[in-house]
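Below are two complexes that have subunit A in common, paired first with subunit B and then with subunit C.
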Partner chain A sequence: MSVTNKPEAALQMFDEGAVTHACWSCGDMRAAHFCQSCGKLQPALPTDYFTFFGLPRKLNVDVAALENEFYKLSRKLHPDLYARAAGQERQWSLEKSSQLNDAYRTLRDPIARTGYLLKIEGVQLEEQSKAATDKARQTGEEKKQVIPPELLEEVFELNMQLEEARINKKMGERDPELLREMEGTRNDLQAKHDALMDELHGYWNEWDALPEDADESLRKPVRDKMVGLLNRRSYIRNLVRDVNEVLEA
Partner chain B sequence: MAEERVVGIDLGTTNSLVAFMGTDGKPQVIPGEDGSNLVPSLVALDTKSQIIVGNPARKYLIETPERAVYSIKRLMGRGVEDIREELKLFPFRLAEDLQPGEVLRIKLADKDYTPPEISAFILRQLKRNAERYFGAPVKKAVITVPAYFNDAQRQATKDAGRIAGLEVLRLVNEPTAAALAYGLDQQHAGVAAVYDLGGGTFDISILRLHEGIFEVIATNGDTHLGGDDIDNLLITIALDDIRGDMGLDCRRTAEVVQAIRKAVIDAKIALSSYQETIIEVDLPGRKKYQREITRQQFEKLMEPILQRTVGPVKQAMKDAGLTPEQINEVALVGGSTRIPRVRQMVRDLFKREPHSELNPDEVVALGAAVQADILGGGSEATKDMLLLDVTPLSLGIEALGGVVAKIIHRNSTIPASATEHFTTGVEGQTNVAIHVLQGERELAKDNRSLARFDLKGIPPMPAGLPRIEVRFLIDANGILHVSAREQRSGKEAEISVQPSYGLTDEQVENMILESFDYAEEDFRQRQVIEARNEASTILTALEKGKRNPAWRQLTSDERKQIAKQEKALRAVVDENDHHAVRSAIDALNQGTMRLAELMMDSAVGSALKGKTMEEVNVGEGPEAPHPIAPAEIK
Partner chain C sequence: MAYSDKVLDHYTNPRNVGSMDKNSQAVGTGLVGAPECGDVMKLQIQVNPQTKVIEDAKFKTFGCGSAIASSSLATEWVKGKTVDEALSIKNTDIVRELSLPPVKIHCSVLAEDAIRAAIGDWKKKNGVAAQAEAHAPMAKAGD
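And then the complex of A and B:
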């Protein structure tokens, strides 16, 4: 591992606002990644993942086309192609390909893509929950997760089952009846999880149908629906994981 | 092309190889002076303090094991705390003054070396082999590492390259390199798995091949699992037998353990071709240990080791989101995949016949040569090839309560990056500590600690107001880079790092300088300089001796003889032939023997005239390495 705090080596990502439209090499107009005129690699600038791929901020993404573009850009940006280049271009290639990889990884996955869009729209999904976790730890309290109301009954029962199964495990006992019940609950939850994905696609369409200059009063309701859905989804996913842990053990 | 020659190096636990891309578009291994493609990863220190590498070091391992070291790769990038298990099974001798957290130092006779330095000796040998082959200097290389190597292990490998005088253009994961070698002449498409069981490490990688792009989608492994472990099981059995049946406890007798090690390796290899064999070892006191072992017994014995590869294989498939049926090709890599039982298990796991057309000992080096060619500018054979690898382990930072917040997940394509924001918890706080970890476990203490940073010089502000942006970037070698800045003040935060394991840049630089002592050419140069220094000492002493009363006690023949020898030494002293200088020194030493004795007598005589021994200072006399040294007495 190497660490630096030298300004010249600091990553270009930090130089926000330093946007130039002239190619560093030939002075002509540059495109996003390469100069339109001389073809030289351009510095890595702060940009969101959609912009990096030249995509609008929309949630329905043609993943096959995205993959093609990823391979195409990889063949031009990867550090292997700049092993013999000057230090500066080598550094840009490293930064640009990390942007490319980060962007592709995020955008090809439906959940990560939705979360990312919400984040750049100003919703701090992850940080919210992290801050809550940290706060709970500091005060020594258990983090209170809001149980989605439609799951209340199921969660209550499942928690009892989990508790019982864990005690059984400790005692070295096995209750096939209980395990079968839990498996049923798990499958039920999995089905709910899958249904959420259909629901999400509906919100995507709502979002994508908004005109680019849509008013905040139109954007916020769609965003809020997606935030709520992602929270429910992660809640269910954690439950499924807990059950699987007990079942697989 | 000649001046930019880039070689591919497989720095293995058991054997190391160097290869290059031939003009015919086929990678080939460069043999050593002895004609062998494999350089055993064995380093010894001879009685003249010269480093011996490879096959010639074998006799030291058998005869004077304290002068030799093998399997050093197991110690790369590790601390003294995490090698306890290793020390039970491997005869590594650690330096006694080792501090916790310090980079390990291994003793060879009375000297000690860090694992990167020992690896550098092997690399230097490979570099020499390549230079002899090309008749030109080799300065750039691609070096392979196990895919599952962590940041510290990778950094240690890169350091080894630098110490050996090589610019390491890229660290390539071994299974990926093997895939490159396999994919070179056959236009494969689809999904391939590489099962790589070597001397000390196990890797499984799953790749998608697509129009020349080799995209790794998942990798897993165990950096401490390999043929060595099978050997150790057999060694333990032999030692127990010898103790139980013959009443000989040889566990601490390094020579015997090494003899047993050699015998069990021979037996292991034989069992890949025969149904049974005999382990045979000569013991002290003209005793002989013999034990018959069948392939069936051997397979039963090694089964637990083999089973340890199943978990990583299944995890990699799960991470890739694939079932065995969706994998089109499987390749076997590493010497241990010669064992029939290993092949059988791979066949069962993937439900297909694995490839092993390429020599499993050489395929990684060949792949490294392919990557070296790509980095060197490419050729017709490699122009469409591109390798997209992943980071094998998740990167995280320690959060409150000792849990890990993951910021870059395993199997992310590299280069990969993450930006995190930190703030202060107390009013006026000017530094923030960050603990960076690698691994998959929930708690920080169960993961590999990479470093602790202190972000210093944060302008005093109310708690929670500073916004420190820290950027983590994993480069194409799988090595992490970190940079930070406080955003509200725009000030670059000062970072002080405590790498958990690993050498500082300064230490590496020093080792590079020291390592010149071991280069063949430099070694000769050093001998010349040492001989000259010695000549100048003896000549100065002689000048002084001529002014001593003892000089006049010599016969004129003796004085003539000395003058002649002095002239002879002065004639050769500026030549680059240290042998000539040495023999002239020896002659002059011989000739001035009586002068030295006379001076000694007169010194003792003057002591009798009332001076104390301290004043006369003859203490140095008899101990001095040079007979004429007493002439120094004033």
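And then the complex of A and C:
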């Protein structure tokens, strides 16, 4: 495997030169979106969102810088600019604009970004779950739930309470006792959610600190921790959403 | 998302919603979750100790319409079956019966997991080995 020498400083640089091919128009080398020599728009290639922005596959992303880059690129790629261009360029600008929107929407959000990175790193959550069920079916052994049973219990209990609160609300009953309890629950959940996000940032740092050529034995443990965390978070997120809904006047 | 008629039927008119005493010897409880979406499902069975027939089943699901329909259907299907017969219910059977689209397959997996977990719990309680062979807990060799 050849060692790619990506300078450390590339961490937050939008390095559009990261992917180079020959420009279709002038034959010179081009950057991801525009030729460095003649400035022509380049074909839309299937690419991951990090590469689209010229970013390394790292999780700490400067979101303000990303936003700037997004606006800059959306202006430059805007289909209106290519209304009179050759057919293929018009097509590329459309395709790239839509790639740009997807990439930006995914990368600016911490959770979506993490999930996306795991996905392009080959983690298939749903497949894993299905495979575990298949295995349980064949061997008769128990499928291990991916989140701790205590958390499931707790989530279930909270859901029961929320349901009661929701029914009360529908009936026009505002039981102050119950509402106070729900406020407490909301604060607990929020604290839990915040703690999860802190934990996630820790894993981001671990991931980002891995050397470029780190092998599976180093990457997998960090990935697994992130997968576990995202799994736990999905339950907390639902509860936060539901509690807020109940507390809404 | 357009739900099939059968999903809508179970969703608006779920069968066997409720709960049983999870401490009862005859009751098996399965509590499972789908981390893809954060939905949770509890399914309970009551088993006749002599015949091993599942005489009653209840569920409670906090989740999407397909998960509710899948668990509602699961309780209907397990009733009257022996525990071993019930273990042959596959998520794909549920998918077919309810015409679930691909994005909703995990909801049916959840229901199968719940059935298995409930039966597993009942077996544990009643000293029925989950499998013929007794597997000694063995530390996994270091990776």
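Here are a few things to note about the model shown:
Keep this in mind: the second predicted complex is superposed on the first by the 184 of 249 C-alpha atoms of A that agree within 3 Å, B and C clash if a C-alpha of one lies under 4 Å from a C-alpha of the other, contacts with A are read in each partner's own complex, and residues count from 1 in each chain.
Here, a residue touches a chain if its C-beta (ideal position, glycine included) is under 8 Å from a C-beta of that chain, and two chains touch if they have at least 3 such contacts.
A quick note: this is a predicted structure, and the numbers were derived from the prediction, not measured.
After overlaying the two complexes on the shared chain, residue contacts for A:N159 are found with subunit C alone; subunit B is out of touch.
By the touch criterion stated above, A:R105 is placed in contact with subunit B alone, subunit C being left untouched. When the two structures are aligned on the shared chain, A:S234 is found in touch with subunit C, with no touch to subunit B.
After overlaying the two complexes on the shared chain, residue contacts for A:L94 are found with subunit B alone; subunit C is out of touch. Using the contact criterion defined above for the overlaid structures, shared-chain residue A:Y71 touches subunit B, although it does not reach subunit C.
In the three-chain superposition model, subunit A touches both subunit B and subunit C at residues 130, 133, 137.
Chain contact summary for the complex, subunit B toward subunit A: residues 4, 151-152, 155, 169-170, 210-211, 213, 371, 374-377, 386-388, 399-401, 405, 412-419, 436, 450-451, 453, 469, 471, 473-476, 479-485, 492-495, 497, 499, 502. Residue ranges of subunit C in contact with subunit A, taken from their complex: 31-40, 42, 60, 62, 87, 90-91, 105-106, 109, 112-113, 116-117, 120, 130-131, 143. Contacts from subunit A toward subunit C in the complex involve residues 125-126, 129-130, 133, 136-137, 139-143, 145-147, 149, 152-153, 155-156, 159-160, 163, 217, 230-232, 234-238.
Those residues of subunit A that touch subunit B in the complex are listed here as 1-7, 9-11, 13-14, 71, 74-75, 78-80, 83-84, 94-95, 97-99, 101-102, 104-105, 130, 133-134, 137-138.
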